[in-house]
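I've put the structures underneath this note.
Paired with chain B in one complex and with chain C in the other, chain A is shared by the two complexes that follow.
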Partner chain A sequence: MLSRLLPPGAGFRLAMGTLAVLAFLLLAGPLATVVWVSFFQGKIIAFPPEGYTLSWYAAAWEMPRFRGGLATSLWVALAATAASLAAGVPAALYLARTEFRGREAIQSVLLGPLIVPGIVAGLALYMFLIEAEILTGVQFAQTMGGLVLGHSLIALPWTVRLVTAALVGMDRQAEEAAAVMGARPLAVFFLVTLPAIRSGLVAGGLFSFVISFVDLEKSLFLVGPGTTTLPIAIINYLEWSVDPTIAAVATAQIAAISAVMIATDRVFKLTRAF
Partner chain B sequence: MSSIALTEVTKIYGGQATVDRLDLKVREAEFLAFLGPSGCGKSTTLRMIAGLAIPDGGHIRFGARDVTRLPPYQRNAGLVFQGYALFPNMTVAENVAFGLKMRKVGKPETAERVARALDLVQLGHLADRLPRQLSGGQQQRVALARAVVYNPEALLLDEPLSALDAKLRGEVRSELRRLQRRLGLTTVFVTHDQDEALAIADRIVVMSAGRIEQTGTPGEIYATPANRFVAEFLGMSNFLPGRREGPGRFRLATGELLGYGCEGARAGGHALAIRPENIRLLPGRGAEADGHSLSARIEEVVYRGSLVEYRLSLGGGTLTVHRRNADHDPAERFEPGETVTACWRAPSTILI
Partner chain C sequence: MVEPGVQGVSDLAATLPPGPARVRRSVPGFALLPVPALVLVGIGLILPLGLIARYSLAEFDPADIALQGLTAGNYLKFFGDPFYREVLGRTLAVAAGSTAACLLLGVPAAYAISRARSARLRSALLLLAIVPLLMGNAVRALGWMVLLSERGIVNQALTGLGLADAPVRLMYTPLAVTLSLVAVLLPFMVLTLQSVFDSISPVYEDAAATMGAPPWAAFRHVFLPLAMPGLFSGSLLVFILGMNAYASPVLLGGPAFHMMAPMVYEQAVEAFNWPFASALAFVLMAATLVLTVLSSRVLQKRYGRL
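And then the complex of A and B:
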């Protein structure tokens, strides 16, 4: 019998190992397929491929909708990241350090984006912007500003949560020591607090960027002429045609996010933030 | 340097006075230790001196300057925590330079003063290291250098040695004391460790429940504790219950009439306190001795290296006696079950 031949526990380890490999294949399989398809030669996606080519990448780059979408997505993601950090850090400071009524409630609300379906959140944001437009007479919906605002709102809970976690874990005596040594509150914040929570800042910033960069459902309501993001451009293209161009664009998107992650990891070990 | 004066300083947490109308003066260049059990208000008092807590009543002065409501960054104090609280993202030299940077001291002068401060704690060769690359003792010395480099008016130390292991603690303690003398720093030191307080301080303030129990030199506090709390908290004491029967006369609960040396400043009059090392043991019952004597039975003998600890039972209770173990003289050794005479001189007892 197998169980007699193997050392104790080996059967269990074998089962776990197999499960892990299967799970990994399940996760990586579709991604690998997309990358693979992007190199297919034929316009009609067929297995096995007729041959391999890089021309779809060139074709995608030639299409203004994708190039524009990429630029828009990058700008929106950067702006949303900056905005969510600018608003999220003070919010996290207050939440982590001040006892007040309703603190628990606010912290639960901040879990909202995990519970509310993206399409619902997008619709709500859209209606909010329209109402704001009616009230003020300024156009918000379908502008770059509205898009950035929407994306920052989606990213904000992540920055608040991650920065709060970093704040809770930091040594507050360092701040007190700095104050006694003559540092005013602002100096304490920039010289002691911020460096101490940079794990949270980096993780929060990264999350914001990625969430904004890949967002589709909320953006559906928020984009307008000239503010089409890359995921929207992909969806629009897919309505009329399916060819390896789309796989090339998707591969480029995966590469962009991977690049951001790797670059961040270079400066800062991401595993330390989670 | 300046003196520090606390008048009627009070701090209330959750409706309770953590520090209760505290009056105290720390003299210029004095090394003062706050000693007490945890929760006695000693750390809160230190935090109020540093400006990290604002008193609910009373005044704190540095020299003639009233700092009661000044924020910490305007007080010009130096503070060292138990947990070092170094800035992990800065090198040793940058940590030490921090206070000077806040005071806008020029670059060349900063470099020179940082180097001098690091030499003072013998860490000049580690200036470019990060705190996490140093041992606990080294980190604490960096924290010390960081706190004195800008010539603070007061040096405040919150259990600075407690995180270090026993051997290192002794070393850093001596170094701290040398540094304090050399710079003439007015120093307030908070500790729950009586040995530390006795060894390092010019004066000790014993605190409990937000109040001062006694203030005095280590010798005064050890030899003449003001009350039972101090006698129990500092060193070991035997308490013989009974009552005072007039000046210098005390009637034990078991009937014997005894004299005593002095009365504690805040004595209750219901016990005599005597230190274990002030009792001598003679073989047999009712041995002739100068001073007072009581017959007792040896219950337990604990060998403690430089001394032998005897636990005795007598009429109304127990007595702990420490005898020096020099030369291991067998004539001075007793066995459990032996009857002995415990004797002492009246001046070494205190009415508590």
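And then the complex of A and C:
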């Protein structure tokens, strides 16, 4: 009966629409909840809230583990971004400009860190660093160096992918013109190629930064006393308690990453990275 | 997002022009350009993987962590003990269930993005999928812990509407783990599908409609078959990530809910049993790999080269 009254296909559109709305609610709901709860007045989270306050942000800022975690995460992400650009840009240049047959093999190796699960790669690197420590007597595991090594690896495929795509997409004639006019290869690279792939570089760098900053699985094995990253500090706290303080910390992270992404979006449309 | 081994690598290869490298070829030292990156991956990933491969065949001595012996004992212990087999089975089940739910929700969501009427709606919906992806798993798990706790929004709604007399236990259940995992993995599915849907011209659906097909029939018999490769690579990616999930089972499953990735961590860091942890890591990788290869074989037979 009902189907006669509705236009043809209304049931299909309603079903698809409902599921799509549900999907977007599932994506946005948890983040919106975290932000909302961080302003709740009561220490024990209950709905509806008794009132609202900003005091949990101050409380979170007073906790050394979160301040330390933030500092560690920022330094590690900056160092990993620098390392992934330093190694990734020359590799991308090679991949985009070579006709060597082994190119695809090299490319698969460089994208490898994306394929190996974080927990497996983290375990492997952790055991490797401890073995190296036993051999040399120098501490590697649970140091900033070890963390940066692990994080540069997860950032590297992003840099290689985004910068290679930019190099392939750029107009090669400018490079050739510069070379014909007598510019040396290095001059061509720094004066013509790099400016032309600016947006790819920015995107590669910012993605590296974000991927490193929020990483959890790989860092689990690599952190130690004094070198705990912010996501690890959050998850350690969550195993014992859930309160507005941790929601404030999480909201701060959400705000920071949103800022980075808005900045990225101005030079490089985020939607193109996927 | 990148589809491990499925689309990311081949897509990128396809974008590289075959044209001659006229200028660069003569540049001295050009072939050395990829060396730093290769060394980085070699030291940070390939050598370590080799080390744990060897360790997975070593004997465990609680008093001495040094590598010793050559035995299949760690793998035999895993497959011989019903407890560990059950953990693997639960991991597979949670990953498969999450993948199915991601398909059910991801197809309509990606379809909505791909066929959005205005460009603004389209980019708004796309950002809604990308933003949570980049927020990290810890923060998103926290959202679910708040929603599903005893005094959480879900329970308030249930009791408020009279659907439940007392708060329902939602935390530390397989449902909570799956729900949070679906939310974590959904962006990967939506973004993979959306890029595939975009490449399918709406002309086909229009043609089917002109010929008198109702929307559901056009979707089912015209659109979905064309989108099959995308559905496949999206599901594969989500399944692999689901198998390796850490934060959701630990935070929403609680200490009694065992899955593979958290067990790797416990064995390595808490029990300090490196040989067994290495074997677990390899079982996890192998299970993922075997299922990937098997399913791509089956689907290739049916739909041709993906």
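Going forward, the second predicted complex is superposed on the first by the 230 of 274 C-alpha atoms of A that agree within 3 Å, B and C clash if a C-alpha of one lies under 4 Å from a C-alpha of the other, contacts with A are read in each partner's own complex, and residues count from 1 in each chain.
Just so we're on the same page, contacts are C-beta pairs under 8 Å (C-beta built on N, C-alpha and C of every residue); 3 or more make two chains touch, one makes a residue touch a chain.
On a predicted model such as this, the values are computed, not experimentally measured, just so you know.
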item	value
Touched partner set for A:Leu95, first chain B, second chain C, both or neither	second
More chain A residues in contact [chain B versus chain C]	C
Partner chain(s) touched by A:Ala71 [first = chain B, second = chain C, both, neither]	neither
Contacts of A:Glu176 with chain B and chain C, given as first, second, both or neither	both
Touched partner set for A:Glu217, first chain B, second chain C, both or neither	second
Partner chain(s) touched by A:Pro157 [first = chain B, second = chain C, both, neither]	second
Partner chain(s) touched by A:Phe128 [first = chain B, second = chain C, both, neither]	second
Which of chain B and chain C A:Ala259 touches, first, second, both or neither	neither
Contacts of A:Leu54 with chain B and chain C, given as first, second, both or neither	neither
Touching both chain B and chain C, residues of chain A	176, 179
Chain C-facing residues of chain A, complex	8-9, 11-13, 15-20, 22-24, 26-34, 37, 44-48, 83, 86-88, 90-91, 93-100, 103-104, 106-121, 123-128, 131, 134, 149-150, 152-153, 156-157, 160-161, 164-165, 168, 172, 175-176, 179, 185, 188, 210, 213-217, 220-221, 231-232, 234-235, 238-239, 242, 246-247, 250, 253-254, 257-258, 261, 270-271, 274
Residues of chain A that touch chain B when the two form their complex	171, 173-174, 176-184, 187, 191-192, 195-196
Interfacial residue positions of chain B with respect to chain A in the complex	50-52, 71-73, 75-79, 81, 83, 85-89, 98-99, 102-103, 143, 146-147, 150, 156
Complex interface listing, chain C residues touching chain A	1-2, 4-5, 8-9, 12-13, 15-18, 20-25, 27, 30-31, 33-34, 36-38, 40-41, 43-49, 51-52, 55, 66, 104-109, 111-112, 123, 125-132, 134-147, 149, 151-153, 156, 180, 182-183, 186-187, 190-191, 195, 214-216, 219, 240, 243-244, 246-247, 250-251, 261, 264-265, 268-269, 274, 277-278, 281, 284-285, 288
